[in-house]
Every structure is written in structure tokens, then in C-alpha cells.
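Presented sequentially are two complexes of subunit A, the first with subunit B as partner and the second with subunit C.
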Partner chain A sequence: MKRLSLVMVFCFLAGLFTTPLFAADNFELSIPLPLTGGQAKFGEMEKKSYEIAAEEINAAGGIKGKKVVLSFEDSQGKPEISRAIAEKLIDVKKQPLIVGDYSSSSSKAIAAVAEERKTPYLVVTGAADDITQQNYKYVFRLNPSTAYYSSGLMSFMNEVVKPKTIAILYESSDFGTSGAKDMETQAAKVGMKVLVSEKYEKGAVDFKPILSKVKAAQPDVIYMVSYVMDASLLMKQIKELRIDTKLFAGGAAGFAIPEFIDNAKDAAEYVVTSSLWCTMATYPGAKEYGEKYKKLYGDFPSYHGAEAYSALYIVKDVLTRAKSWTPEDIRTAMKATDMMTAFGPIKFEDRDGYQNQNFMDTLVLQVINGEHHCIWPEKYASKKYMYPIPKWRDRK
Partner chain B sequence: MTSVQIEVFLQTLIAGLLLGGLYALIGLGMTLIMGVMKIINLAHGELMMVAMYIAYWMFVLFHIDPYLSIFIATPILFLIGIALQKFLINPVLKVESILPENQVILTVGIGMVLANLATLFFKSDYRSTPVDYATNAFYLSDFWKTSPIELSLSVPWTVSFVFAVIITISLWFFLAKTDTGKSIRATAQDTDAALLMGVNVKLMRVVTFGIGAGLVGAAGCLFLPIYYLFPSLGGQFTLIAFVITILGGLGSTIGAIIGGLILGVFESMTATYVGMGWAPVGRFVIFVVCLIFLPGGVASILKRKRLGK
Partner chain C sequence: MKRYLPLIILAILAVLPVIGLSTYMMHILILVIMWSVIGMSWNLLGGYCGQVSFGHAAYFGVGAYTAGVLYSKFDLSPWWGLPLCVVVVALFSLVLGFIVLRLRGPFFALATLASGEVMRITAENWVDFTGGTMGILIQRRTWVEKTWYFYIILIIAALTFFMIKKLVESKLGYYFVAIREDQDAAESLGINTTLYKTIALCISGVITGIAGAFYTNYMGYIDPHVVFALHDISIITIMIVMVGGVATFWGPYVGALIMVLLAEYIRSIPGLGAAHQTFFGILLIVIIIFLPNGIVGDFQKLKRLVGLRRASG
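Presenting the complex of A and B:
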């Protein structure tokens, strides 16, 4: 009996000393991410980006003197597992806020748990519109939703190109079809006439027949939704046929990556494409982060990585401002966020049917001298846009 | 028709003919093998993929132009074809089995192995050879200043087409004028008679498979400057070769050439006047229509004409 009470006292004392000791030094944050399964590629990229951010934050003195210690929970890209992880983090680990996960469906599952348990949740990459349209008070999203992906390109077209007609070519997949539909509604909104809207089978060899038809229709803009090899073939054959329009535009994906320029070469010149982020963006820290990532892992990160990297900086900012680290105070601090990150400006607003959504301008890239440059919005441009573009005949 | 409509029509026709010439070369190899051995080689597209990888690495490592790689890839593919026939297909031909088509199943297997080996060695990345002349073209308005319409003729497409024609003509010369060629034709027409006349049928089969593989290898090199490359590219070209073989009339070389041109023009016309998404549908429509109304393919029409004289 005596021994038992001794042990109990020891345990109590040990608990008394160790917990506050660790708690004083460390801020532990568990992040759910798909680290196995089909989405693992992006999960890995985000994990690396969180780690880069944590290292930088710790090197600069941590958050209010506490060291950030990250751990990752594998959600396998399955919403039911994400849900279980969120429940564990809130109920067992008593984590005062949740950050992360990749897909829209996983983010949606976590959002429901977080709202129910009144714990703030920062969505990092889930892009489905409805995540921040459900009157949730505790769910914040830093990335723009799908409906806003092409907003940058649309504003560039409206303010600079002012096209009256458009031709849309798209791949006959889910991705291509939804991209083309989105452009059709956007075009209708601003009174642009869709002259041709044609889908093609991925992997086609010869686009010249369809392009001759486009040429005959004489649209102001050709908008293409394609993966990289089709994108290169399309631009090469447009050059061959000398189709002159005011603008060649791509819907992100294949047009926004360096391989597009490698393959299409000079045919890629002056092509614009919408993009959420690029290392060329003039946001503070964007370039440094991109280069650090490339040095460590050999490739430039895509926007997913930048979102994750910036998410941790938002957490730092919020926790620094919060009165106490309880969910309620963190929520209040999160709501008041107004900061600049490597991913762009972050401010959580309620408008257009969204709650706690960060509305930011998506970027427009243009290929200038064989390199992607950020040209729109002008305040973040790394280079002045080239418009009007020269006719094919006049290019050397 | 207005000049714009004429321009679209002519440009489509040009695109179709250029594409058709290349299709014909792909179809020729399969047709030749079909004629002599009475089997469809379903690893045809994968052999083309192998040749394309050879040409690709020649370009990357030694800066050899894909068109010059024809003289490297074709002999290699010829040897691969001979090896496949000798060590894999011939042994299976000998075995009596319930399924008479087990050689065809074997070729499917060979195709899968090749595609997966390529994925293993070269990853499933897309690759292309960025040659300097990739987007060069001849323009009608450069030659005829006051032309009311503008037509363009892509340099690499035209070069590929010309090569395809040269290879096709050499093949015809080989089959018509040389002893080996005549023996191959004899084997294709009647194996037993050829055997009785002293033709080494076994050797002819091996040689034919080699030539078929070599032809599609050359086609691969011609496609590389205008297209791109990935391990699972074979399937779609096997399908095209198959349709051409049926359209041309199982085993007829002239049939295959005409069949290839018909398919190329038909696909381009479908893309312009119906919709590009319909091109694969058009391919199958041709296939089915041909099987129902013209089971002998183009060759049967040619034969009827000749008999009529």
C-alpha cells in the first residue's frame, strides 16, 4: 500500500514537472495529410512544405517563444479517416486548432467535426465551393475556391484584351469538360460569344482539321483546357496554321508548367494561362520558398506546397495575436487575420455566400522569352504583359 | 462555297492525306504479317513504341535526328521481330491447342510485356524530341502572293509523309522484283503450294515478321518529330493498324495503303465537319461498315475490277 502511494506521488510529481516543462518549450501540431494512396504525391509535397516553414519559424524564435513541433497523420485521402483523425486531435490531444488535409472531400469531413466541436479549422487546399458556404463559424479557408480559379484570367481579358468572341477547345475528360463549362458561363456573363466549343480525345495526333475550323471562325481568343503534351501539340499546330487571334489562353494544368515551354518551344511564346501561384510571383518569400524547396527536393513546388507553407505562417500569426490559446480566442484572432504570405494576401471575409473565405486574385502567367512570368494582377506582376501579341507571320 | 470554306476543306484534306500516309505505313507491317501468317499481330503498336524510344535516346544521347534514326531503329526492330517469331511465336504455332488463335493471344502478351518494361525503365513520363524544325511550314501565300486562300504544309509532317511513300515504294519493289519478295508473296497466297514449289516457308515467316516489325519501327521514327512518346502509346496505334488491315482487306498491301489514306482523310473530315470528339467513333463506324458491307476490304474491289477487264 505504501509502495503504491509512493508510486502515485512520484507519478504526480513527474507529471507536475515534465508536462509544464515540455509545454513551455513546444507547440505540438498534428496535421492530417494523405501520405499514402493516390493523392500521396501532393500530401508529400505539402508535408515537406510544412516542415520547411516550421524550421524557418523555429529558427526565428518559434511562436511566442515556443518551438513548433509538427507531426503528421496519414488520412490516406479518405474522408472517413480524416474525420476520425480530427476527432482524435480535438477530443484526445486537445489541440486548439486544426490545419490541413488535401482533398475537398477530406476537408469537408474535418470541417463538419471542427464546427461541431467549436474548434477553428484552417482549410489549406480543398477547393470545392461549398466547404465555406455552409454558415460554419469555425472553418476558414486560405485558398480560392474553384469558382474563382479563372477570375484572374477573366479580369485580364476584360481589362486588357476586351474580346468579343471566344473559341474553346478542351479534352474530353472531367477536368476538361468542367473547365470548358466554367469558361462558357464566365463568357456569357461578360457578353462574349462562344463561336466554337469542341472537345477532343486525349492523345490525338492531328489537331489541324479542328484548328482550321477555328481559324475560319476568327475568334478573338482561343481558350484551351489540356494537359501538357496536348497543350504543346495544339500550340505547335496553331503556329503551323498561322492562326492569329488577340490572345491564346490556357486553363492552368498543362499550360502552366515548364514542360509546356520545353515541348512547344517558340510556339509557346505569348501564351497566357491562369494559375493560383508561381515561384515568379512577387509575394514576399515566394521566390525564397520555391528555391529552398527546389534545392532540397530537386523540383519547384506547385501551388499546393505554397499553400501549405503559408498555412503555418498564418498559424504563427494567429497564435501570436490570440489572447489565449483556447479555441474561442484563436477563432477570434483568425477572423481578424490580415496578412501577407508567400501564397498571397490572406484575409477571411464573408461575402457572395461564402463565410471566412480568403478572396484573392488568381494569377495570370505569360510565356515571355521562353519563360513563365507573372503578368496579372499588375501589382504582383514580375513583368509587364506583352499585348497585343505579334502575328505569326511577323515573328522571326 | 466561299473562299473560307474552300480553305477549311483543302486544309483538312491536306491534313488527312498526310496523316493517312503515315497510317498506311503502320498498317502495312500488320497487313504483311497478317497475309503470310494469318495472325493479327496485336503487339504492333508496342513495337512502334520500342522504335520510338530507340530514336528518342539516339536524339538525347547522340543528337541524331529522328529521321536518321530510321536507319538505326528499323534494323534493330527487324532483328527483334525475327527473334520474336523464332523463339516465341513459331513454338506456339506448332502446339495443337483448343484455341486456334493462341498466337494472337501471345502477341497481346508480348505487347503488355513491352509496355510494362518501358514503364519500368523509362517511367510513365511523356517525352518528345524538340527538333528545331518542329513548327516550320510552307505557306501558299509565300509562293503565290495574291492567293485568295492560305494553306500551310508542315515541314516535319511533309518529310514524314515523303519518307513513308519512299519506304512503301521500296517495299513494293522488294515484294515484286526480288526472289525473297516473290517467295513471301507466294507464301501469303498459298502456303501449301509455296511449300511444294520449294519455298522455305518457315524462313519466310521469320523474315516477314522481321519486315513487319521494321516497317512499324520506321513509322515510329517518322511519328516522333510530330508527336510525343509514352510507354502505353502502343494501344491506340495497334487499333489504327487493325482497322486499316480490315479496311484494306486482310493481307493486301495495296489495300493497306488505300485503307490508310481513307482512314486518315475520314478522320480529318470527321474532326472538321462533325467534331473532333467523334474521330474515334468514326474509326469504329468505318470498321463495322467495312466488316458488314465489304468483308474483303478495298482489296476485293480491286480484284473485281481486274477480273472485269
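Presenting the complex of A and C:
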């Protein structure tokens, strides 16, 4: 025991004092991410995506000749630790800009520090609307905020489906509730009547009571906000009950990932869903990134990964254009960003009450022949949408 | 010498900001002191009075939300939350105590655990008042510099320390210990156990609430998942006291130092990556197995262990 504890103490001290020595022509970037805890799944995916991007950038000669060296700090999804990391990066490591973290609450904690210390901060995934509504000068966000998540789907419905009535089903979580509330207000805006709006407990096994209600109401569209198991079960039971509508729509999450099709099989056919991104999108590099990720880690990444991957390219672009690598010049360069990434076009604008926010079209995916295809907006479509959809009894 | 130890430590801490630490170190120090305040308050209820609470996040959150709601709904400085939460949390603890203090042992622990979760779900759904899961964001924090935050939390910690010391050494403290040792025996001796348990709960809750209100001011952002967190607040509080030493004056300080400062150092070791949690977990297990009364509680044992090593080495 004594020896063991001695060894442990030694290891600990050795760990503390041996900071690796890098050559001077490296650009070191530390990125806060939740690598442990409940959000670790997304943190891991982002970490892998940052690494893929760094490798590509280094292979192409780095940033202004400097090699990008990434390191990751585990924020555990706790705002006070995210803040500690931000303080450390600014104060101890003298990093001229901060990139990353996952959740909205951690992003808010970092944003406040970044603004106070006049260091540019690029928000990568934090989606709460108010992060870029605080008149912050140094906070930039590349992902659309939650208020815009369903905008693509709405425009698809308005221009193609033109429904008069809608039924909304959602799981009882913040994600489900906010998605459903958002759809209700959007529907009211275009004069669509909400016939049914039902909440269900996450992980339910029998949706038939709710679905019978929906069938009786005969809506034009059924909109569902669910995670993966519920999403596929809902579609299977809709098929069993032969509920025919003009459109079955999902609000991202469970409907937008490949597991949905694997689980729901043919019931998934023709279902549309909103999404921020997909590997089928026609953005330059999207497909290559998606396939590289799949080759390395066995699965396609979701939009979180694409956001992280593109974030590093934005950093590269900004640092290449910046007059010097001081926070002030980096901020100026960041503000002038206008580029295309694998995640889509990036431009930081001040409008609609937001500052330094990247506005972009959210996509609509449709399951066609057992695969997700991007169908809307048409300029990014990888396949023409299938509409009207056949009734259940006409399907093979 | 021993008598003046608290004052000496206080004096050393008070000059720390003057020597110019980086803001990163200051942030960690502020967190250490804030956690030791919460640890001390838990120690009063759990350590001295023997009522093991798994729901201190409830008080922390109510304190934090008192400050937050003052800012978001009444346009007042969230600093008013510090004095106001004394009243709010005291009332809240009375109501809660009325329910949970009827229960004993594991049932009390479970009821407190539930109370924390109930508060979180309430805060999530009472959107008009708390802002729901969007939380409350304070647009401009009072100071960019950390010095003032440091002194404020230091004063809170010092006052808490001396108050709890006085309290535990008074008659009240003996009542608490009597309740912890044997509640029925204490009752048969004429101690109104319900009353004294309620007093302990109220004081403990209020101190935690003040720490919560400080958190709102310092961090500038709260939401139900952050301040009513079961693991990140309630369980960490217990860990701090367990590691430091239950029913000791210095335990919560040592515990907070380990749980925040040491955790941060281990997290920062390059190359350890996501394994730092495992490493830290093993360290905690070792401490709990070999020093079941915590570092302060088993200090003599610890000294002996270290002494042995010196003798043999």
C-alpha cells in the first residue's frame, strides 16, 4: 500500500509538471467539450470531427504555415467548469480566441467571460436563442438558434403541401415541448389549424389511444417531435392504423438519424423531417466529411459533428485573414467572415434581434427508398421530393 | 496557536488577491470557498444533527432563483438576493421541514432527494416565473475583476464558520448531537426533537441558499438543470463533507479543496483525457476506504500512515 501510494503521488506530480514541449511554429488550440457525463456522446463526436478537420488542415499546409495542434478540456457539461476552462485559456494559455463547448448553458458561461475579457468566442452547438441576443460584441455563433430549426420544414409545407390542419404529437421533455410550442406558433402565423396537440411520456410502447384521436380528427399533416425509439414506433403504429394524411413530418432528432429507418423499415418511407444538416446535403465537402467519419468510426455523424468540423475551417479562414493574431484583429476578421463550409454558408450578421449570428436555411430530409435524402430547399436538394405520398393501402 | 488558526488562515486568504493571482486561479479559489460554505451548512444538518440530506440542491436552487427572479422580474440588482434569500429559504425550509422531518434515516434521505427533484421540475415548468429551461441570464455582471467576488464569498465563509462553531459549542449543538446519537433517547430527556431538527434544517438551508444567491451573481446564468442538479450539487455536497470529515469544523474546507482544486488539477493533466474521472474516482475510493471519517476526522491515522512511511523509507 505504501509503495502504491508513493507511485500514485509520483505519477500525479509527474503529470503536473511535464507539460509537453511543442515547437514554436505550432498553433495550439484548446477546445472545451463535455467528454464525460450525460452529454459525452455529442462531445466525443465533436472531438473526432475537430480531429478530422485538423488533420486535413495540417495536410494542406496548416494555418499560415503553422501546424494546428488540438487539445481538449473536459467541461463535463457543467457551466462553472466551462468557465474555469475559458478563464484558463484566456489568462494562462493566452489563447486569442475560444471555440467550442456543447450545451447552451456552458456556452452562455463562456460567452459572458469572453465578452468581459474581449476575446472572440465561436459558439459551435449551443442553440438557445438568447446567446446571441445580448449585444455581445465578441460572441459569434455558426449554428442557427432553436427558433429557426423548423423554418425549412415550414417553407416546404407552405409552398408544396399547403395544409389547412395539423396534429402535433410530442414527448414530454424540453426538447419536445419547445419544438411543439414553436410549431404551434408557426402554424398560427400561416393560419393552419391545430386539431390535436398531445404530449406523451418518453419511451411509451402503445400510441394507439393518441393515434385514434388523431385519426378521428383527420389532419392534413401529423408533426411529431420524438427521439429515435418513439419515432419509429409512432410510424409503425400509424401504418397499422392506416392513418392517411398528406404528410408525415418529424422535428429533427429521432427522425433525422439512420436508426429511424433501420427500426421503422418501410413505415419510414416518405416521412419528411427537418434537420440542420445531412451527409447528403450538396454543400462542398459535406459528403467527403461524412464518409471519412463513417470509415473511421463506423457511423454517419449528425449535424453536431458537421458543426465542429466546419468550426475549425472557420478558424482557419479567420486566422488567415486576420491582420495579426490578437483578439481585436481576430474579432474584426471573424465579423467579415463570408465562406462556404461543409455545414453550409457562414456569415455573421446582426438582424432580427441577434448579433453575430449565422443565418442559414435549415434542411428538410425525406426517406426515399429507405434512405434519407435532402429535398428542401431545392437549391441544396440531392433528390426531388416525393409528393403527394401514396395512401397506405396503395403501397406495396 | 490552535485557537488562532482560523484567524491566521483567514488573514492569509484575505491577502491572496493582492499578490496577483491569475483570474483562473481566482475562479478556482472562489469555487473552493463557495463549496466549503455549502459543505459547512450540510455538515450542520448531516454531520452534527445526523439528518443526512440528499437534497441540498433544493436550497441552493431556491437561493439562486431568489436572486435570479429579483433581477428578471423586478429589475433589481441580484445582490439583493443575498439578504432576501434568508427570508425566502427560511420559509421554504420550514415548509419542507414540516414534511420531510417526520421521516427518519433512509426515508428522510429519500424524501430530501425527492424534494430537490420536485424543485427542479417545478422550476422547469413554471415558465412565467422562472423562465423554464431557458434559465435566467444576467446581462452584465457587476465586476469583471474577481477580487470583490472573492472577498464577498470569503466574508460569507468566515461568518458561517464562526457562527457554526458558536452554534455547535452552545447548548443547541449538544441537542443536535443528542438527536444524532439517539433520537428516542433525546426525546425521552425532554428535547423537542422536531423543533431542533427544524432549526438545524433552516440554518443549513439558509446558508446553502446564500451560496446559491452568490452563485447567480457570480456566474451570471442559472437554469433548473444547473442549480437543482442532483449529482452536481446534492451529491457533490455530501462528497465534500465525507472526504473532508463529517462533524468536524475543518472537514468541509479540506473536502472542498480536494473536490474542486484537486479535481481541477487532475482534469488538467495533459494526456489523461476523459480518464481523469476514473483517476479521481479511485482517489476518492482510497480516501473513503482508508480514512472512513474523512481526512480531518482521521487526521491522526493519516499522520501515522505518513510517519510510518518516513520511518521505513
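Here, the second predicted complex is superposed on the first by the 370 of 396 C-alpha atoms of A that agree within 3 Å, B and C clash if a C-alpha of one lies under 4 Å from a C-alpha of the other, contacts with A are read in each partner's own complex, and residues count from 1 in each chain.
Here is the rule we use: a residue touches a chain if its C-beta (ideal position, glycine included) is under 8 Å from a C-beta of that chain, and two chains touch if they have at least 3 such contacts.
What you see is a predicted model, and the numbers here were worked out from it, not measured in a lab.
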Partner chain in contact with A:336 - subunit B first, subunit C second, else both or neither: neither
Chain touching more of subunit A, residue-wise (subunit B, subunit C): C
First (subunit B), second (subunit C), both or neither touched by A:296: neither
Contacts of A:35 with subunit B and subunit C, given as first, second, both or neither: second
Touched partner set for A:190, first subunit B, second subunit C, both or neither: neither
First (subunit B), second (subunit C), both or neither touched by A:112: second
Shared subunit A contacts, counted only where both subunit B and subunit C touch the same residue: none
Subunit A-touching residues of subunit C, taken from the complex the two chains share: 22-24, 27-28, 31, 124, 132-135, 137, 139, 141, 144, 219-221, 223, 225-226, 232, 264-274, 276-277, 283, 286, 305, 308-309, 312
Subunit A-touching residues of subunit B, taken from the complex the two chains share: 4-5, 7-8, 11-12, 15-16, 18-19, 126, 128, 130, 134-135, 137, 139, 150, 152, 154, 223, 226-228, 230, 233, 236, 267-269, 271-272, 275-277, 279-280
In the complex with subunit C, residue positions of subunit A that touch it: 2, 5-6, 8, 12, 15-16, 18-20, 35-36, 40, 71-74, 76, 78-81, 83-84, 87-88, 90-92, 105, 108-109, 112, 116-117, 128-130, 134-135, 174, 178
Subunit B contact footprint on subunit A (complex, rising order): 172, 198-201, 203-210, 212-213, 215-216, 228-229, 232-233, 236-237, 239-242, 259, 262-263, 265-267
